[in-house]
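Structure record follows, encoded as structure tokens.
So that you can tell them apart, the chains are marked A, B, C and D in the order they are listed, and the count of residues begins at 1 in each.
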Amino acid sequence: MRFSVGCEIGYELLSPSTLIFNIEAMTGGRQTIQSEKLTIDPQLSADDSVAIDSGNRYLRLTAPAGPVQLRYEAIVALEAVHAEPEAIEEVPVAQLPLETLPFLNPSRYCPSDQLARFASRQFGDIAPGFSRVTEICNWINAEVDYLSGSSDTTTTAADTFSTRAGVCRDFAHLGITFCRALGIPARFVSCYAWQLEPQDFHAVFEAWLGDRWYLFDATRMAALDGMVRIGCGRDAADTAFATIYGQVNSGPIRVWSEALDGDTSEPWTTDAVSITRT
Amino acid sequence: MRFSVGCEIGYELLSPSTLIFNIEAMTGGRQTIQSEKLTIDPQLSADDSVAIDSGNRYLRLTAPAGPVQLRYEAIVALEAVHAEPEAIEEVPVAQLPLETLPFLNPSRYCPSDQLARFASRQFGDIAPGFSRVTEICNWINAEVDYLSGSSDTTTTAADTFSTRAGVCRDFAHLGITFCRALGIPARFVSCYAWQLEPQDFHAVFEAWLGDRWYLFDATRMAALDGMVRIGCGRDAADTAFATIYGQVNSGPIRVWSEALDGDTSEPWTTDAVSITRT
Amino acid sequence: MRFSVGCEIGYELLSPSTLIFNIEAMTGGRQTIQSEKLTIDPQLSADDSVAIDSGNRYLRLTAPAGPVQLRYEAIVALEAVHAEPEAIEEVPVAQLPLETLPFLNPSRYCPSDQLARFASRQFGDIAPGFSRVTEICNWINAEVDYLSGSSDTTTTAADTFSTRAGVCRDFAHLGITFCRALGIPARFVSCYAWQLEPQDFHAVFEAWLGDRWYLFDATRMAALDGMVRIGCGRDAADTAFATIYGQVNSGPIRVWSEALDGDTSEPWTTDAVSITRT
Amino acid sequence: MRFSVGCEIGYELLSPSTLIFNIEAMTGGRQTIQSEKLTIDPQLSADDSVAIDSGNRYLRLTAPAGPVQLRYEAIVALEAVHAEPEAIEEVPVAQLPLETLPFLNPSRYCPSDQLARFASRQFGDIAPGFSRVTEICNWINAEVDYLSGSSDTTTTAADTFSTRAGVCRDFAHLGITFCRALGIPARFVSCYAWQLEPQDFHAVFEAWLGDRWYLFDATRMAALDGMVRIGCGRDAADTAFATIYGQVNSGPIRVWSEALDGDTSEPWTTDAVSITRT
């Protein structure tokens, strides 16, 4: 399927500032950018580069005080791998690829050490495999209220676990935290999400199962085969859509994602879906 | 200078377990391993590999229940870069190498977002450069008590900032946190530390200044030119000397580090010291 | 001096609810209510009582779904004790009145155990007495930014200490926390505050020194001799102006405090000021 | 039933210190002290007084540097009220006695605000009454591991909720927290506990139901009709058996509680048990 995705972001810089954006669709795996266009107003030279380890694309620009407006738009094709959930196994730690090991470690928003005992009590006796991660998502979806404004940029998965309320990034953090506590590598993914209402940047997570990274969305607010990946990392600390060094006022953000040729009437897939092996 | 370093670690495994060790000296940069020897008793096949991104060496072994004893010993040569502190500048975020950017993000034990206001108030007006990071170390050394047993594996830099007590890993976490809050990439380094008393695994940090990673030790408990680097990462979560999947009882740990041909009577260096650019 | 104080509060109850208000001026000590009037619309019977231990006045009413509007207005006379700060001594724990001891214990928002080492390092060498608490207020005023919206109802003094930003209740919590850590009983006071701009419920603290509770306001935003006390307790958890059992939407709050016969052109007092011994 | 209870506590004071002990059995309600004896070695004058609000007995002594040894022993009779659990109702907030209201507020170790959503989700649909608090205890007993050393003096009920491990004081804090979140006044009780193995100071909680404070022990480690109450308060911050102002080394503690004339072979009561109305 192909998607038209993009965003418009505006700032009023109160001082000369450096801004690092991570809003461009990733390339690689089963995600292909067919066309894209970035507009910066005023025209400023920007340093656009791809991080070797994560594949995240960073747009870095230094701007004088005054208004800055960004618009990014792209046509992206997804040919996601679909697989039978029942056929996908967990990988024992002893056999995990070395590059997945950092995604077992606790991180800023995913203190898997703190929730280890609960994860083991609640999910330890479930048969390992893709379906165990599905159970984790079921649990989060049932036990945590999706509630705008209930969390902020300091909220960790342990906080969400206690308060039982959060938004998409909190749902993803909690899923990642439980996976890591069980020995399943898991990472945070920011994306453009088809059918998400209202449209915004979305956050989901990927777990390493079988021989790939599979997508999971504990919010169940968008179809798994319509996620155009933007950034991935340990947690939200690695995938901020904008990191700003300087003083600014933020304007409104507009985000969109539309299927170009999909039959939008289909029910959402219940397959296991993966975009990437790395 | 050359150092004889090593450790002995023992466990009683109560169940079949997978253990991942990060105890071997790193290679690369100005650190060269002249000889090394690893003994595992009982003899078990171990998977020894080097992480591409960090250069950390991971020894992964799966063992049946029963005792396991590890001994690692190595002769390591250090030809550290020494530089004039005054000559080393901070790098504006706009010009930082892309691969250093993740080390600006908050992590499990280094919530630089939480301490940003204090860092700016306390260190924001100091002239940028190597000496500003030295000031950070001076502050930590003066304001935090080194106190065994005052922290545990859940202690963050924000906790240490409040309680004003910690051990070497806490001192390193606090230094990293302040650096990141100021826009200076910083990372955690575990090491064998010459002249550390009593001998143990040590923790210091590196900050990206000029065009290299420079070593800092806010504890001031060992000489900067005698640090044999073992692991580096976002924080202690990335450099545990042992990560254990299974049930075990831990035995005593013995760690050593001796200068083979150094004149140990010299005063500790006050130069800027760097082992690696990457 | 006499003050005309009061407030108007409105709610839309979505379900039958019980509401407990603590908005009426306290009586006793040097604070006298000359007249007061409470209006509840619709007319509902309310249970108005005074807590024996704190002297707080609680207005409890049970209301059906629908709008509720409260208006409280009072004329209150203050004849505060004024004393020379230099003449007021701290009381050793060994001689503290028994009823002040609970105000040495850590509480929800004042975890004096966590900040004890800092308090001792920063204020431990200052000569005991009223002026030491003044120094605490000086430190808070200099080191913490008063910033609306920087804290919420979960923010503790340890959080404020780390983030270095807060509002009046956070300033009071931090002052209380440092006092308790030093062995000085301290408690939270909500009040109507003359000259506070903009007008709102204010929060200050009292420390037990000499033989009385003396007022301190680390925000320095209002005159100490114009504080009409509403509630006192361990911390803000004990003095919420409204505690609601039920589902409600809150409307705007209006608070006022005006001097009736004072010469408002005088500079604010620098005396030690106390309203009550108990 | 009558119990012989007591304790021996020793300290080495490194400086002149003030010590406040709360180790003496409370009087009042259905708990009567038939005889008691306090020995302090060396003989020091101590200030022994009863707090008006809580009824806690505080023994305050100031001692020079050197060893101090305390021994307290008492014969205490309990004539607990036993009642049918099914017959005991919760009291709506609108009808709660004023003096129970502070026990609805969050406190240092019982942040009932943070766990309110979970409490409502988990226990909100259970029919109000004594049996709802029993369900809370059932939940804690099933979902939290009793594990010595798993918590420390900074551990809150929110921490225990996340880590799912604790000791008696953590179990009590969690029970109190859930009760308060549901609008049931609850308070912390330290006690001598008959049949507790191994013997130590014990911690349980009381909830206000019907017209009395009823005892609950989520650990289920001792019989409810063998609890000799020592201290009660908001949480453990109010009932420390020893609070020390000065530098000391603590020696071993010995605690005992023996039934003098009870038939110790009876099964533990499943009645609702209350010692006091105030």
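Heads up, the rule we're going with is that a residue touches a chain if its C-beta (ideal position, glycine included) is under 8 Å from a C-beta of that chain, and two chains touch if they have at least 3 such contacts.
Note that the coordinates shown come from a computational prediction; the quantities given were computed from them, not determined experimentally.
Undergrad: What's the overlap between the neighbours of subunit A and those of subunit D?
TA: Common neighbours, subunit A/subunit D: none found.
Undergrad: Which integer distance in Å separates the CA centroid of subunit A from that of subunit B?
TA: Computed value for the inter-centroid distance: 30 Å.
Undergrad: Cα centroid separation between subunit A and subunit C, in whole Å?
TA: Going by mean C-alpha positions, subunit A sits 44 Å from subunit C.
Undergrad: Per the centroid of Cα atoms for each chain, what is the distance between subunit B and subunit C, given in Å?
TA: Once rounded, the distance between the two centres reads 47 Å.
Undergrad: If you look at subunit D, which of its residues touch at least two other chains?
TA: 114
Undergrad: Thinking of each chain as a vertex joined to the chains it touches, would you call that graph a line, ring, star, complete, or other?
TA: ring
Undergrad: By the document's touch rule, what are all the touching chain pairs in this structure?
TA: In this structure, the chains touch in these pairs: A-B, A-D, B-C, C-D.
Undergrad: Which of the residues in subunit D end up touching subunit A in this complex?
TA: Listed in rising order, the residues are 114-115, 117-118, 121, 143, 145, 158, 161-165.
Undergrad: Can you name the residues of subunit B that touch subunit A in the complex?
TA: Going through subunit B, the ones touching subunit A are 18, 20, 47, 49, 51-54, 58, 60, 62, 92-94, 98-99, 101-102, 104-108, 110-111, 113-114, 153-154, 183, 233-234, 237-238, 243, 245.
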